[in-house]
Amino acid sequence: MNVNDSVTKQKFDNLYCCRESILDGLKRTTDVMFGGKQVVVCGYGEVGKGCCAALKAMGSIVYVTEIDPICALQACMDGFRLVKLNEVIRQVDIVITCTGNKNVVVRENLDRMKNGCIVCNMGHSNTEIDVASLRTPELTWERVRSQVDHVIWPDGKRIVLLAEGRLLNLSCSTVPTFVLSITATTQALALIELYNAPEGRYKQDVYLLPKKMDEYVASLHLPTFDAHLTELSDEQAKYLGLNKNGPFKPNYYR
Amino acid sequence: MNVNDSVTKQKFDNLYCCRESILDGLKRTTDVMFGGKQVVVCGYGEVGKGCCAALKAMGSIVYVTEIDPICALQACMDGFRLVKLNEVIRQVDIVITCTGNKNVVVRENLDRMKNGCIVCNMGHSNTEIDVASLRTPELTWERVRSQVDHVIWPDGKRIVLLAEGRLLNLSCSTVPTFVLSITATTQALALIELYNAPEGRYKQDVYLLPKKMDEYVASLHLPTFDAHLTELSDEQAKYLGLNKNGPFKPNYYR
Amino acid sequence: MNVNDSVTKQKFDNLYCCRESILDGLKRTTDVMFGGKQVVVCGYGEVGKGCCAALKAMGSIVYVTEIDPICALQACMDGFRLVKLNEVIRQVDIVITCTGNKNVVVRENLDRMKNGCIVCNMGHSNTEIDVASLRTPELTWERVRSQVDHVIWPDGKRIVLLAEGRLLNLSCSTVPTFVLSITATTQALALIELYNAPEGRYKQDVYLLPKKMDEYVASLHLPTFDAHLTELSDEQAKYLGLNKNGPFKPNYYR
Amino acid sequence: MNVNDSVTKQKFDNLYCCRESILDGLKRTTDVMFGGKQVVVCGYGEVGKGCCAALKAMGSIVYVTEIDPICALQACMDGFRLVKLNEVIRQVDIVITCTGNKNVVVRENLDRMKNGCIVCNMGHSNTEIDVASLRTPELTWERVRSQVDHVIWPDGKRIVLLAEGRLLNLSCSTVPTFVLSITATTQALALIELYNAPEGRYKQDVYLLPKKMDEYVASLHLPTFDAHLTELSDEQAKYLGLNKNGPFKPNYYR
């Protein structure tokens, strides 16, 4: 059961959680002021969208890189300049990777960054920044505090590398209990569904969580916000061709 | 070929276009100032998200109603109070429907609105507001300008009904050429695909536009924004298990 | 009595009103889509701040020019790149002047704009754009609709000039009744004060409206928003050294 | 020399700095998720404006209390419900004081808050929250971590009190070097001015920093943002009646 691609996980764990943890992770490690800073965010999926929205709101000037034209066009419509990394690498104060890809920031990019540039990863695993390429004799590493290294070039230029390129939000921030609750509920329901499912419903394969369960997870968390859901009348349910208790959207809906 | 549910159509025509046309439609018809106004938006799909974001940005206080707990939770996380219509109907200055449902605003709601309340529909067709219920002898209709009616209660209360409950964005605003271009390109590509498809690819059914075409539509519009797409290296494409030319996302991705 | 520099006039007429009328004026004249557009705003006073905030919220990428380092630094902290006009003139889709200065956009700038660039003025009078410089034989003017001229270069390039460089918000938008009410109330109170003032309070000079009257104007408009003001307790007023009925701020407070 | 009321100090130290430190202070102490939370901010001066803007951007629903009708009207136009504290005290998740006043949050308010409500002070000194009123026998204090106390009511309700009501931004966050630099430069220039001033320029009194120095402080910090200031031409300076090197604004300008 692929819980990672369920709507609640995608939106809440990735988008909404990262919107907050990118700020938190950067503050706790570097005390950087966001206002007026130039930032490049590599990748405009849910995590990238969250990072960009938060930094824009705090007064940063944000550039985006993307490989997927649909996400690229979304970045444009959301007010971000879509660039190739090399176009802005000399001028930015912060570089954030959230692509799920490997070698997105390589030694050649790091060589061209300006003094004091902060480099960190919000994507997955530790492949996005080629940290191994910084383990060469001419560069000096200085651990300035937990999770923060200064990598020093022969000319004195310093790059501030966070969490050695591992995930900033896990290493240097915290995960709110609300998000943990969403994720844990989703996982628990997936297990219950697998356990209770009549033989044959699931074969040897990977499945998305049924929409209805995703909706159930969400509905369990609404009272936290004192949020009041509207119920369909019989007439409306019939008009829409829906069951009054859901699911309300097709499985592919995001 | 279901073009309406393709990503580009959903996001660009609905979300990004409505973000602008809700403001435009309200201004052209009523000259209302948005700052400080209380607004309830019924429905938090793409259209509702666009309306809410725009009005929040202009300084309105926005309430949301929803039937789907996932969209409801998104409204919460985006900073909107999730309410039932009756909780706020007496205090709001503007009521906007974008549910795709019928009878979302009925006579009972209209009776309770305050003097001067503006009522309009951004959803689909003209079913969302029960306009027929306002055609009763005790209410007076006054056409104050094109697309704007005052419906007057016996005690003098006036409701400002826009476009007689039909679509505000079509009736009272304009559709930007950019959005038309996105939609027309999507439709044209769908027709070309159907024409060129080898026999058997499509049966008597409704299909979503293949992801790759959706991406192609998007890529054709990037130069408008002087946007520069990043290309995958061979090594990266292999790592991600993707073709360098896309599709970059699974078909269900939104 | 200098009503123009009173806080309510400055903030409400300039900042909050222009935040809405820049969008309205551009839409009614050009139907331009704001998302993804590059815009340069000349001047970051109250009017410029309003224009920038609105366009940023609609997904435009906004650049700012300024002469005053304090306003310039504010633009930076609010997330706008501070540039000289020539740095971005070739790439922007919209140019907006709000400086109160003259010849901010001159023929040399207009010559370098790209095809289809929209040029308009939100500042004061009609001096900011050097429109006279466009009245030369090699340029063709085409009136495409009320308040909208295409100025056509010999190579076919078209600049979209709005309201012939006069005020966009007055020519192509409307002023909300709320803002009119604020301004009219301020003026009326100023006249009453002058009429009632004991001889000698005002000499042959220009005065700012007394703070207390500014506050009174504001308090008269709070009920519109169903807004509830908190009152100082006797103990709190004493602690702050204030009269319970105001004025609450020094005269120079903005 | 009153440095505290200079524009740069007011805007940068208070507005822009607090916009970031309210988020930072809350995260470091409580790991609270901001999305969907209901917050009341007491006071809508520069500090309050910064707190409100940051929390709204992170998806909180923010209510404001004010005593000054001008600031109150600004809160309305910025999209915040203006309430009396008692109207929302039962429903909010976070209470933030930034009034500069005393006893803004008293025992009666604390008694009515809901379980888990976070209470903190961003204003001045430690007078805003009546912490002394919580030192009564029936309430239990539990220090859960540095700067964080749980105050426990007999029925088990817990209030999360930060920094014992002292300044959150100083106690639980950090001040960015950029803001320190602005403030220190302002102070140093004030001292230099006092030292160099010809006898008689300053009497035994409190003065605002001359505008020109405020502008000089700002101009020294523009290169940090790679910001390019525009210079007035001779013709423009003459038109505006200004010296080309400033001051560009009257002393009372904010």
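Per-chain residue numbering starts at 1, and chain names A, B, C and D are given in the order in which the chains are listed.
The definition used in the following text is that contacts are C-beta pairs under 8 Å (C-beta built on N, C-alpha and C of every residue); 3 or more make two chains touch, one makes a residue touch a chain.
Everything quoted here is computed from the prediction, not taken from an experiment.
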item	value
C-D against B-C, pair bridged by the larger set of C-beta contacts	C-D
Chain located farthest away, centre of chain A as origin (C-alpha)	C
Interface residue identity across copies chain B, chain D - same or different by half	same
Distance between the centres, which are taken as Cα means, of chain C and chain B, whole angstrom	30
Chain centre separation in whole Å, for chain D relative to chain B (CA means)	37
Computed distance of Cα centres, chain D from chain C, in Å	26
Where chain D touches two or more other chains at once, by residue number	16, 35-36, 58-59, 76-77, 81, 225, 227
Touching residues (chain side chain B, partner chain A) in the complex	7-8, 11-12, 16, 65-70, 72-77, 81-85, 87, 100-103, 127, 208, 214-216, 218-219, 221-222, 225, 227-233, 235-236, 239-240, 246, 248-249, 251-254
Contact footprint of chain C on chain A as seen in their complex	35-36, 56, 58-61, 76-81
Chain A-facing residues of chain D, complex	16-17, 19-20, 23-24, 27-28, 31-38, 53-54, 57-59, 91, 173-174, 176-179, 224-227
